[in-house]
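So the structure is just underneath, and the comments pick up after that.
We call the chains A, B and C, going by the order they appear; numbering starts again at 1 in every chain.
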Amino acid sequence: MIEEKLKELNIAISEAPKPLAAYVPAVKAGAFVFTAGQLPMSEGKLIAAGKVPSDVSLEDARKAAEVSAINCLGAVKSVVGDLNKIKRIVKVSVFVNSAEGFTDQPKVANGASELLGKIFGEKGKHARSAVGVNELPLNSPVEIELIAEVEE
Amino acid sequence: MIEEKLKELNIAISEAPKPLAAYVPAVKAGAFVFTAGQLPMSEGKLIAAGKVPSDVSLEDARKAAEVSAINCLGAVKSVVGDLNKIKRIVKVSVFVNSAEGFTDQPKVANGASELLGKIFGEKGKHARSAVGVNELPLNSPVEIELIAEVEE
Amino acid sequence: MIEEKLKELNIAISEAPKPLAAYVPAVKAGAFVFTAGQLPMSEGKLIAAGKVPSDVSLEDARKAAEVSAINCLGAVKSVVGDLNKIKRIVKVSVFVNSAEGFTDQPKVANGASELLGKIFGEKGKHARSAVGVNELPLNSPVEIELIAEVEE
């Protein structure tokens, strides 16, 4: 059902990111899956780089948040196999690489939140934090992690 | 019992914040409630805005942390109905909008921690992180989220 | 077994940090332990202070991440008593005090991740976030918190 919804939205969940040396994309513990912080990587590259909105426009940052959220789902998939096992997207944390004076982090984060709503409906309604930070890995405009509740 | 304590401390837990389009104030999953990041909003407005301590004094930031913590409890209440169901305040994360050179984030966070201690006693003793960030939504001086363990 | 591994690696897990007034080093809730954010304190003092890499070199920041991770284990130990009860290091969050233009937060965080891998093997493979922030408590170069799954 989720796979059909993803097809309808034209979203491809990439194969599980390769396990890295020191950590993994996601861990399942009890009924929860915790993802690592995900960047807006597509085909191995950031889709945008720099601070919002001086280097990356609000609209592009929103799109980067969407891609980061998709990568979070790839991370969840890497440990549960089937996204239909997701009972609830519980919590989403959004870090926005913020130029001085930028206070619209929630508008960036909406890219992730609205996409999760489209994919999962009621199950996609999550608690969320959006904060600004001064630097992110690889100069990414956004980094997102999430916690999902899954069938055990 | 908690309601009486709140009355004694003259704290009003506002009605559950209205559900927003893309996310919700809190989610209950298993025995845990995860809140969204809460700002020091009172009657629909931030009680202070700007960086600590250049725009907002340490004392005012402490007060903002108290109000944010109260709003976290409002978020928990929105999903469990009765704050007596809280078995433990587990984790509190405090993001402080920090001017250059400000390193007293824990003193700001104490506003939240001490209030939770007054309200919940032993059940209010939580693990906590306090970090500085360069920007927050709406130019808020502080953003707080928490995890509570609740009766199922 | 973990104690022997720690001895082999010449790592001393300090006695549980003293409970502070307003919060505690860690909380166990269900099968999870959530730690407070830990700084690279050793014998009551930060082992380094300032921003990475302008004040603190990447190598020293890596070392600070190791010490912070060790302190996280001390926090876990304070609530479970025996580190053999850890079934999995689930999630590690690393905040790096970042000078302008520093985007190698993952290299700093690897200090913590690789150490946890050495100590816990497969059980130490965690999900991780690494973000840059503009200020941290006491001007610490790094702050780390973790979530562990433990035997109930």
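One rule holds in what follows: a residue touches a chain if its C-beta (ideal position, glycine included) is under 8 Å from a C-beta of that chain, and two chains touch if they have at least 3 such contacts.
Being a predicted model, the structure only gives us computed values, none of them experimental.
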item	value
Cα-superposition angle relating the copies subunit C and subunit B, to nearest 5°	120
Interface residue overlap between copies subunit A and subunit C, same or different (over half shared)	different
Centroid distance [mean C-alpha coordinates] between subunit C and subunit A, Å	24
Of all residues in subunit B, the ones touching two or more other chains	30, 133-134
Of all residues in subunit B, those that touch subunit C in their complex	30-32, 87-88, 90-92, 96, 98, 100-106, 110, 113-114, 117, 125-134, 147, 149
Touching residues (chain side subunit A, partner subunit C) in the complex	19, 21-27, 29-30, 34-37, 75, 93, 95, 133-139, 143, 145
